[in-house]
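For reference, chains read A, B, C and D in written order, and residue numbers begin at 1 within each chain.
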Amino acid sequence: MIKVGIVGGTGYTGVELLRILATHPEAEVICITSRSEAGMPVADMYPNLRGHYELEFSEPDASVLASCDLVFFATPHGVAMRMVPELMASGVRVVDLSADFRLKDLDTWANWYGMPHESADWAEKAVYGLPEVARDAIRDAQLVANPGCYPTAVQLGFLPLLEQGLVNPARLIADAKSGASGAGRQGKIGMLHGEIGESFKAYGASGHRHLPEIRQGLTAAAGKGVGVTFVPHLIPMIRGIEATLYAELDNPQDFDRLQALYEARYKDEPFVDVMPFGSHPETRSVRGANHCRMALHRQEDSNIVIVSSVIDNLVKGAAGQAVQNMNIMFSLDETMGLNAPALLP
Amino acid sequence: MIKVGIVGGTGYTGVELLRILATHPEAEVICITSRSEAGMPVADMYPNLRGHYELEFSEPDASVLASCDLVFFATPHGVAMRMVPELMASGVRVVDLSADFRLKDLDTWANWYGMPHESADWAEKAVYGLPEVARDAIRDAQLVANPGCYPTAVQLGFLPLLEQGLVNPARLIADAKSGASGAGRQGKIGMLHGEIGESFKAYGASGHRHLPEIRQGLTAAAGKGVGVTFVPHLIPMIRGIEATLYAELDNPQDFDRLQALYEARYKDEPFVDVMPFGSHPETRSVRGANHCRMALHRQEDSNIVIVSSVIDNLVKGAAGQAVQNMNIMFSLDETMGLNAPALLP
Amino acid sequence: MIKVGIVGGTGYTGVELLRILATHPEAEVICITSRSEAGMPVADMYPNLRGHYELEFSEPDASVLASCDLVFFATPHGVAMRMVPELMASGVRVVDLSADFRLKDLDTWANWYGMPHESADWAEKAVYGLPEVARDAIRDAQLVANPGCYPTAVQLGFLPLLEQGLVNPARLIADAKSGASGAGRQGKIGMLHGEIGESFKAYGASGHRHLPEIRQGLTAAAGKGVGVTFVPHLIPMIRGIEATLYAELDNPQDFDRLQALYEARYKDEPFVDVMPFGSHPETRSVRGANHCRMALHRQEDSNIVIVSSVIDNLVKGAAGQAVQNMNIMFSLDETMGLNAPALLP
Amino acid sequence: MIKVGIVGGTGYTGVELLRILATHPEAEVICITSRSEAGMPVADMYPNLRGHYELEFSEPDASVLASCDLVFFATPHGVAMRMVPELMASGVRVVDLSADFRLKDLDTWANWYGMPHESADWAEKAVYGLPEVARDAIRDAQLVANPGCYPTAVQLGFLPLLEQGLVNPARLIADAKSGASGAGRQGKIGMLHGEIGESFKAYGASGHRHLPEIRQGLTAAAGKGVGVTFVPHLIPMIRGIEATLYAELDNPQDFDRLQALYEARYKDEPFVDVMPFGSHPETRSVRGANHCRMALHRQEDSNIVIVSSVIDNLVKGAAGQAVQNMNIMFSLDETMGLNAPALLP
C-alpha cells in the first residue's frame, strides 16, 4: 500500500485526487494538508466524500509528509518549489500538480509567474510528467512535474505531426476552451455563476501562462523551435477542455496517412483514443475519466490539418494524470484506479 | 460471473447500466438489445464506452436472453409486461427498470399508463425493489420491479416518519425537482437545450405517474391510507433529483428525537446518508453515485417537519438501484460496483 | 424628465436598473454611486451598457443626491436606513430595493438582519411597494420599500386565496426556487459556477430572511395571523424564481371558481398574468420582463390548491418593480419602460 | 406603419422577430404563417408573447402576403426560393433569413444545400444584407438575403484587415462557437439538453454550409481569392456566438495601427463596437441585442492578428439584423426597435 500525502487539498484538484484515490486498490491517503481548514473533515467540505474518508485537513507537518511514499502537491504556484527540496532530501517522491517544476527555463518561469524561482536544482531534475512522452523517465523520477490542463490536450493533439516533421512548426494555432473548474476554487467575482453562466468568451488571448509550457513541449517534439498561438476560452460548464488545433501540412498528400500515423503513435497508450477520421470528440465523453480523445479533420482543398482533442481538465489535465504518474513511478498497472468510464450523460 | 442481458439499451438508463457494470467485478453484459439500432456498437452511440465494450446492440433474441442469469429491462412501459412471462418460465431472473410491475393495483396502472396490464400474475408476484424496505424479499425474488426515480427520493425521505406514525398521513407534500435526463432520450422539442436550458418550471402538477407509486409505498409504510400531494419540476441540469418533503408532526416535542430516529433507521443502509440536522444536501454530492443523502429541518415555532432528500435519478433512481438489487439477488456484497464517490465538482 | 440617482450600483440590481432605465422615455440617471468603484465608467463594469451610458460610478454626494427627483437604493441592508432620513428631509423621493424598510416590526427586523434598526420613524412611514396591493399609497409615498424577490412571487400567488378567506391560513407552504443572481454579485466560493452549476439544493430551509416579509404580507391579506413554511432553493441558472404554493381549501367545491377568482383579482394588473388552469409557467417566459405569470392546479380528490408563480427575480423581483413604483409615484403610465417581451429562448 | 408578414414563424428566428417587432414603433405584424400550427395563437407557443400579440399562426395565403409591405422568411432553406418570385412580382419587399439567396454561385449552393436552386434570377438580384458592407444597396433592394449567424460574426471581424490588404488572405482561420439556439427548434436527439448540456464539441469541422458564405464575403472584401478554414463548435448555452479569428500580418509593424484602423472602419456603425485593444468580449454583453462587439489581440513576437468577435446569433445573427435591414429599406432610423441594452446578467 502506497502511503500518500496531499499538500493543499482544498481546491478542485485536491478533491479530485481524493475522489480517484478513494477506490485505488494500492494507495491510501494518510494526510491532506490545509493551513486554512486544518481540523475540518474533508467530507464536510466535499459531501461526495462522506462515507469514504474519515480524514481531516491538517497543518502541514514535515515529519508526517516525510513518512509518505508519495506526496502530491495541489497548491498554488510558489509553494511546491519551497517545500520540495526538503522532501527530496528525505527520500519522498513527489508529483507536483502546480506549475513550479514544469518549465526548464527559469527566466521564463519567473516572468510568467511573477516571482523568482527558488529551486533551480530541482527544476532541472524534475521530469515533465506526460506519460505518452516520458514514461521511462517518470518511472525513475523522484520529482514529477504534472503537466497543465491545456498543455496536455494541446501537446497530445500536435505530437504525431511534430515528431514526424510533417507540418510547418512556425504556424501552429491552438484554440482551446475550458470549463470553469480550471480556474480553481477561489471566491472571485469573475467566476461566479451569475457572471459566467450562459456566456462565452476568450481570456488570456494576449498571453497565458500555459503558452511557454506548450511551446517547450512542442519544441522538444519537433526537435526545433516552434511558433504557436494559443487562445484559451471559458465555457459555461464545469469540467472539460476541447482544443481545436490547426497546422499546415508541408505536403498535402500526407493527409492520406495521418489517421494511420495517429493510431500507430497512440496504439499502446491506455488513455489516448484516436477516434475515426472526421469524428467530433465531446468533452462529456471523458467527464471524470482519464482519457484524451481526439479526431482529425480536413476541409476541401486545404492543407490545414485540424485536430480536435478533448480531456477532463481535472482528470487527464490534473489529478488523473497525477495518479497515472504515481502508478508508473510505483510500477503498478498504469490504469489502476482509473478504469471507470466517463459519466455520460 | 453473472451473465447479464439488457433489453432496450439505447436510453439513458441503458447507458448508465453499461457504465456501472463496466467495472463490476462479478457481472458481464453478454447482450444488449435494441430493435432500432441493431448492429451498432454501443460505443458508437455512447463514446464514453469506447475501450470498455466491444458489444453491439442486437435484435431481442429469446434464446440469448434465456441464457442470461439476469436480464435488466430498460424499456418504455408496456414492453416488459409482454416479455417477462416467457423469461420467468425459462428461469431467468429479471430487474425491470420500467414501470410495468411497480403497482399492485392494475386498474390504477391501466389508468396512468393508458393501456391494460397484460401480466396480472407477475404483477402480483413482483417484488418492489426498494432495498431499504424489502431487502429480504428482493433476495429471493425472480422478478424485481425497480422503483421510479421520484418515488425513491420521496419514500426514503418520508419512511421513518410514517413507519413510526409521527405525522399526519393525510397531509404529506412532496415538492420534487429533477434534471432533464429523467425524461429520457427521445427527440422531443420540449426537452431541447434551447427550450429548457436556463429555465425552470413545474410539470405534471395536476397529476404525474409517480404519484400512485409514491402513494402505494407510503401507504405500506404508514400501515394506513395516506394523502400525498406530489409536484415535479424540471431543473436546467442533466442529473439529480431533490425532493423537499413537508409533513405535520402530531406532537411537536417529537422534533427533538427525529434526527436520532432517522440515523437509527438508516444506520445499516450503505446507500442512505442522514446528514446533520439543518444540512442542505446538494444533488452534485450524489452525481454518478448510488447514495440518497437527506437532512431534516424545522422552522421556528412550526410543527412542520421538512426533509430534503437528494439522489442521482439515473443511479439510485434507476440503474444503480437496479445493480444494488442484482447484488442482493445474487448474494454479493450489496455495494459491489457501486463504491466510487460522486463526481464533484 | 425625472432625474434619477442610484446608490450602490455595482450589484445585479444596479445594472438591472441601468438596463431598464436606458430606454425609459421619462427618466434619466444623473448619478450612480459606489465607494469601491468611484471613477470607473459603468460601461467598463457592465459591457452591455457600452454606448448607452457615459456615466461613471461616483462617491456618494449628499448634494447631488438631494438634487435628484428620485433615488433608488440598491445597497446591502443597513445602508439605506442610515442615508434615507437626510434625503427625506431634503424632499427627495426614494425607492429602496434593500430590506431596510420592508418590515414594520423592527424587533423582527433586527433579529433577521443582525443589527438594530436606526430609522424607526421612516420604517413606519415607508410604503411596502407591491403595486397590486398598495398602488394608491405608493402614488403618494415619499419612501417606498421595494419588496423582496421571493416575497413578490409568493404573495402574488397566495393573495386571492387569503383575501377571500378560502383556505386555512395556518397551513401555507411556499416551496420556492431561484436562479443564482438572487444572491448578488460578491466573490463567495459558494456561488462559483464550479460550485452551483449543474447542481440543485435547498438553502435557508430552517429559516430565511424573506420569511417574516412573506408572513407580514400574507397576514395583511388574510386579515389574521398566518402560518407559512417557506423553503428557498438554488437553481443552476442566472435569472428567475418559481414558487410552488400549497394551501388547503376549506371547501373543496370552491375549486370550481378559483380560476375565475384569480382572473378577476388580476384583470386590471398590467404585470400579473393568470394563465389557463393547469398551465405550467416557465421562468424563461418572464426573463428580463416585469411580469408575474401564475397558474392553478388541483390533484384528484385533493383539497390542496397548488399555485405555480414565476417572476424574474431581478425585474418584477427587484429593479422592474422599482421602476413600476417610480412610474406610479410620478403618475406616468405604469408600464412605461417595461413593455418589452421576455427574452425567449 | 409598415405592414409585416412572417413566413414560417414557429422557429427561434420567428419568435425573435415577434419579440423585437413587439416594441417597434413603425412596424406591425399582420400575419405569421405556419402550416403545421395554423390556428394556434402565437402566445400559446411562446408564452413570453402573452399580452403582446393576439395573432394566430395561419396557413400561407398569397393574397395576404401580397398585401404586406415587407415579408420576412424564417423558413428552412428551399422554401423562400420557391415563394419569393411570386411575391416579387406583386411588389412586396422581402428579407429572407434563410440561406436561399445568400450565395451567388448556385452550383456551390446546390452542392451544400442538396437541391438545385430554383430561382437563379432572384439569386442574382438579391442583395446580401450585411449593412456594414452594403447599406446603400440594401436601401434600394426588393429582396435582401439576410446573412447567416457565423458569417456575420466572422466577416465583421475580418473585414478591416482584408479591405486594407494587410494580411495573407490565403491563411485565414475562424474558430467559431455558438449556443444551441443556432440549430433551430426541431426535435433532434442530438440537441436535447441531456445530450449537449455540460459538454462542448466541434461539429462540421470537415465542412459547414456557412463556409462558402464566409468565403464569398471575404473574397469580396479582399478583392481576391481567400483561403479560410472555419470550424464551428457547440456551446452548452442558448444564445451567443464567439468567433476567434487568426490572420497573418504581412508587416508586423502594422500592429501599431490596427486598433485605430478598426475604430475608424466602424465609427459610424451603430451596431459594431470595437472594444479597447486586449479586451475579451463576452457573448452575454450582446444577449438579446443587435450589437457585434470585437477586440484585437497580439501575442508576444507574433505576426498573428487575433480578433475575438461576439454577437447574439438570434439578433445580429438573424432577426435583429433582419429588422435593421427593414429599417434601412424603409428609410427609418437604423436603430429603431433595436435600442435596448443586452440582458446582463
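Here is the rule we use: contacts are C-beta pairs under 8 Å (C-beta built on N, C-alpha and C of every residue); 3 or more make two chains touch, one makes a residue touch a chain.
Here the structure is a predicted model, which is why all the values come from computation and not from measurement.
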Item to check | Contacts common to chain C and chain D (chain labels) | outcome: A, B
Checklist entry - Looking at A-B and B-C, which pair shares more C-beta contacts? => result B-C
Item to check | Approximate Å spacing (C-alpha centroids) for the pair chain A, chain C | outcome: 45
Checklist entry - What whole-number Å value describes the gap between the mean CA coordinates of chain A and chain B? => result 36
Item to check | CA centroid of chain B to CA centroid of chain C, Å | outcome: 38
Checklist outcome for this item: Listed in rising order, chain B residues that touch 2 or more other chains are 12, 181, 185, 194-195, 197-198, 236-239, 281-282, 284, 287, 345
Item to check | Touching residues (chain side chain C, partner chain D) in the complex | outcome: 12, 15, 18-19, 22-23, 46-52, 181, 185, 197-198, 238-239, 273, 275, 281-282, 284-289, 291, 293, 314, 339-345
Checklist entry - Which positions of chain C touch chain A when the two form their complex? => result 12, 180-181, 183, 185-189, 191-198, 236-238
Next on the checklist: Which stretch or stretches of chain A touch chain D in the complex?
Outcome noted: 171, 173, 175, 177, 179, 194-195, 197-203, 205-207, 211, 227, 229-231, 233, 235-240, 242, 244, 246, 248, 278, 280-284, 287, 297-300, 302, 304, 306, 308, 310, 345
